Amino acid sequence: MSEVQAPTPVERADADGTSIRRFLIRPEAPALAFLAALLIVFSVSSDKFLNVSNLESILTSVSVLGIIALAVNQVILTGEIDISTGSMLGLCAVGAGAVATSFGGLALPLLAGIAVGALVGAINGLLVTVGRIPSIIVTLGMLYALRGVILLVTGGSWITGIPPETRVLGTGSVLGISFPMIILLILFLVMELVSRHSTWGRNVFAVGGNRRAARFAGLPIDRVRFLAFVLVGVFVGVASVIYMGRAGSVQTNTGTGLELQVVAAVVIGGTSISGGRGSSLAALTGAVLIGVILNGLVLLGVPGIWQQAVLGALILLAVSTDILRRRLLGDKA
Amino acid sequence: MIGKMNSRLIYAALLVALAVVLASCGVGQNPSQGSGGKSKGPTKICMMPKLVGIPYFNASEKGAKEAAKQLGVQLVYDGPTEAKAALQSQQIEQWTQQQCSAITVAANDPNALAPAMKKAKQAGIATGAWDADVAKDARDVFINQATFESIGYKLVDIMAEQTGGKGKFMVLTGTLTAPNQVAWLKAMKERMKEKYPDMSIASVQPGEEDLQKGIDLTKNYLQAHPDTAGVFGITSVALPGAAEAIQQQGLTGKVAVTGLTTPNDMKDYMKAGVVKKFVLWSPIDLGYLAVYVANAQVKGDMPKSGTFKAGRLGKVKVLSPHEVLLGPPLVFTKDNINKYDF
Amino acid sequence: MSAATAVFRRLKFSREVVLLGVLIVLMIAMGLLSPLFFTVGNLLNTSRYFVEVGLMALGMTLIIITGGIDLSVGSNLGLVSVAIGFSFAGGLPLPLAILFGLVVGVAAGFFNSVFITFLDLHPLVVTLGTFALFQGMAYGLSNAEAISNFPEWFAYFGQAYVGPIPGQLFIFVVAVAVVWIILSRTRFGRYVYAIGNNEEAARFSGVPVRKVKIALYSGIGLLVAIASVIYTSRVSTARGDTGLGLELDVISAVVLGGASIYGGSGTIGGTVLGVIIIATLRNGLLLAGVPSTWQLFVLGVLLLVAVFLNEFFRRREE
C-alpha cells in the first residue's frame, strides 16, 4: 500500500515560502479552514450552535471517535490501515463491562478494556507483519470475526448495571469540562509529543513515507507497524470505558459503523492514506469536523438517514482537495 | 510442461469426482423440490426472530424452548445477526429445504419475506408470524402480543398520570418507518386527541436502535426545548437511552419518561426514580405461545375462533382464524419489576 | 527429489486444484454434518444465492488483479435496488425502471473510476467514501422505506426455475464465460495483468491504463446492477439496505480463489471456486444448525486463513 514517495515537502516549502504558504502546505490546513468556515456558517444559521454547552457537548460526543482516530492515524501514517476498530470497541466494552459488573471500581475495568484491546491489536499486528497479510484484509476479516466473538461471548445479552464509579470517565467532569474531553486533549498532546519527538514516532513517518528507503536505513519496519496496531488496541480500550460510562450499558451492536467514521476523521483531517504525511492534529481536526457536521445537520433538521451520504461525500471531498491542493502547490507526491 | 499437463489431468479427475459426488446425492435422498414438506418424523418447529443478539429476542427464545420441551417437539431458533429482511428471506428458503414442520417468523419487512413464506406454504409447511407480521396471504396465523391500540393507549395513560394530562412530549423511536412503531404512534395520537386534548406530541426522533445516538438525540432535544413535559421511548433501545439522557441532564422527576423495553435494563433507572412505570408484554410468553400455535397448526387442531388453550398461559383469545392475541400489555412498576428477569 | 514429488510439488501450487480439493472435502464434511445437504433441491437452492455474489466477484477479480479494490459494491447494490423500485413506484414502466437501475449501477462505477483515474486517488479510500455515499443515498432517497408492489413477471429474474435449475444460474454461467474470455483471450485481459504486474511499465509500453481502469470500475458497476435486479426480484422488494455487507463475501471469494491482493495474479476459475466454497460453507453451516453468530466468526477467520495461505504459497514459489 505504501509506494515510493518523494520526501515530505514541508522542508522544501519552508525554504522558499511565505508563512501563509507554509501554513497551506501543512496537511491539516484544508480541514482547519473548512472547520472555521463551518463554525461560522452554523453559528449564523442557528442561534443554538455557538454556545459553550453545545460546543462542549460536540467535543464530548466525538471523544470516543477522536481518541481512536489518534491511534489509527499512526497506523495510516505507516502506510497500513485498520478498519476493525468498531468491533474492537464492542469487544473491549464487553470485557470492561463484564469486569465492572463483577468487581466494580474503575481501575480494573479500565485495565480489562486495555488488555482486550492490546491483545486484538497485537493479533492484527502479527497477522500484518509476520503473516504478511495486507492490513486491509486482516482488519476486514477481524471486523467480522470480532463481531461474531462479541455475539458468542455475550450470548446476545446486553451488559447492564454498570456501577457509577466505573462510569466516571464518561460522565464526570472537572471545573465544568467533561472527562471525555479532557482525556481526548491529553491523549492528543501525548500523541503529538510521541509522534514528533520519539524514535518510534519518527520511524512511523519514515516507514510510511518510503518503506524501501526505511528498510535500507535499517529501521525495524515490522516492529514499528506492530506497535502501531497495538497502540490502536490500547486507545480503543480506553475509549471503550468512556463509551460505557456515557451510554450506561454495553449492547451487542456497540461500535457498529465506527470504523468508517474513524478512517474518515483521519483522512478528512489531512493525513494521507498512502502513508508518510499527516499529524495528530489532522486526526483531531477531522474528528471535531465530523462532530460539528453531524451536530449541525441535526440543528438544521436534516434527517438522520442522510448522515452516511454526507460522511461519504466528505471523504471524497477531503481526499480530492488534498490531491488538488498538492498539485497546485507544486508537490509531486 | 509435463507438470502442467499432469495437473490438468488431476484437475479433470477431481471435476469428475465432484460430478460423481453430486450425482450420488440424487440417489437415496428425496430429490423433489419441496422435500421440506410435512414430514412424518418428529415435529420440527423453525422459529426466527428479527435478529439475534438482543435481550428481547433472547427472552422469546427462552419461552419458545420452554414450550418445545413441554410439547416434546424439536425447536430450531435462529435468525440473522442484523435486522435485514433479505437475510431472513434466505434463511427461510433454506429452512424450507430442511424439513421444518412449521416456520414462524418475526418479520423485518412484511413484503420482502412474502415470496419465501409463500413457497414454504406451498411445500406444505405450516406458516406463521409473531411479533411483527408478514403480508396476510403469506402466513396462516399471526401471533400478536397486544393490539397496537392497547399499547399506545396504555403509554399515554401512564404519561398522563405523571404529568397531569397536559404538556408537549417528545417521542424517541427506532426508525421512522418500522410498521409497529408507526402503529403505536398512531394509537398514541388518537388517545391524546380523545382523552387528553392538552397533551401533544411535539417531535418524533429516530434513534436508529443505537443507544448512544438515542441518548444524544434526547439530550439535544431537551436542551433545545426545556418546556418538554415528558419523553416516550418506544423501543427497547430507545427507552434506556431516553432515561439515561434525563438522568445525565439532572432532570429526574422533572421530565417524565416511559415507554417499551425489557425490565432488566430499567431496574437501575426505576430505583433512581427516573422511570416510574413502563410497558411491555412478556416476550417469554410470546415465544411460548408462538410455539404452541405452530404445534397446533401442524397437528391440525388450531381453532378458528373463540379461545385456544396454550399450556400454562391458559385460554388465549383467537381474534380471527388468522390472529391470536397474547393478552393485554404488562405494566412494570417498582413493585413488580424484580419479579422478572429478562 | 524423485519425479513424482516434483510433479506433486508443482501440483500443490496449482491454485484451482487445491480449491477443487477443498470444495470436495467441504461438501463431504457438510454432508456428514447434515443429511439434508446432499439433496438436489438443497444444492440447487444454494446455487441461487451465490449468483449475486458471484457476478460481483467476477468484476472484482479483474480489479484486484490490477492491484485495486472496490469496497462500494454492496452499497451500490442497494442504490440500484432503490433506483429500480422507486422509479417504478414513481410511474416509470418496469422495463424502463430496470434499465434505469442498470444505468445507475454503471454510473456509480464510473463515478468511482473518475476519482481513481483522473485524480490518481487510491481505490481503497475512494471506494470507502463511496461505500458510505452510495449507502447513504440509497437510504436517503428511499427514506428508509421499501417498495414491494412489483408485477408478477418481475419475480422471474430471481425466483424462476428452468426445470429444477434456478433461472439466474444461466445468467451466471453466461457471465462467467464472457468474463473468462475477456480476461484470458483478449488484449484487454492482457492489459489487466500487465497493469497488475507493473503499472508504470505497462503505461510505458502503451497500455491505455486510464481507459482500462475506467472500463473495469464501470464494468463492475454493470455486474452489480445485474446482481441487484436478481436480488431485488428474489425478495420482490426494493430496499436501501440490500446488499450491505456483501463486499466481504465478494472479496473473500476472489482472494480465496487465488488472486493476490497486491495485484498481478488471479483467475476466473479460481474465483468461481471461491464463490462456491463460501456459499457451500454458509449453507452447510445453516443446515447443520450452526447459529448465524458462528457463521459470522467463521467467515472472518476464513478470509484471514485464505489470504495467509495464498501469500504463504506464493512466497514459497518465489
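In order of appearance the chains are A, B and C, and numbering begins at 1 in each one.
In this text, a contact is a pair of C-beta atoms (placed from the backbone, for glycine too) under 8 Å apart; a residue touches a chain by one contact, two chains touch by 3 or more.
Only a predicted model underlies this, so the values are computations on that prediction, with no experimental measurement involved.
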item: Relative to chain B, chain with the most remote C-alpha centre; value: A
item: A-B against A-C, pair bridged by the larger set of C-beta contacts; value: A-C
item: Between chain A and chain C, centroid-to-centroid distance (C-alpha), Å; value: 30
item: Approximate Å spacing (C-alpha centroids) for the pair chain A, chain B; value: 35
item: Chain C: positions in contact with at least two other chains; value: 143-144, 293, 296
item: Chain A, residues touching no fewer than two other chains; value: 147-148, 151, 156
item: Touching two or more other chains - residue numbers and ranges from chain B; value: 52-53, 81
item: Of all residues in chain C, those that touch chain B in their complex; value: 6-7, 10-11, 14, 16-17, 20-21, 23-24, 27-28, 31, 35-36, 38-43, 45-46, 48-49, 143-146, 148, 155, 159, 164, 231, 234-237, 239, 241-245, 283, 286-287, 289, 291-293, 296
item: In the complex with chain C, residue positions of chain A that touch it; value: 1, 81, 127, 131-134, 136-138, 140-149, 151-152, 156, 260, 263-264, 267, 273-274, 303, 305-316, 319-320, 323-324
item: In the complex with chain A, residue positions of chain C that touch it; value: 69, 115, 119-122, 124-126, 128-137, 139-140, 143-144, 248, 251, 255, 261-262, 293-304, 307-308, 311-312, 315
item: Chain B to chain A touching residues, read off their complex; value: 52-55, 57-58, 81, 206, 208-212, 215-217, 219-220, 223-224, 237, 240, 244, 248, 264-265, 267-268
item: Chain B - residues contacting chain C, complex; value: 2-4, 6-7, 10-11, 14-15, 17-18, 21-22, 24-26, 29-36, 52-53, 76, 78-82, 84-86, 89-91, 93-94, 97-99, 109, 111-116, 175-177
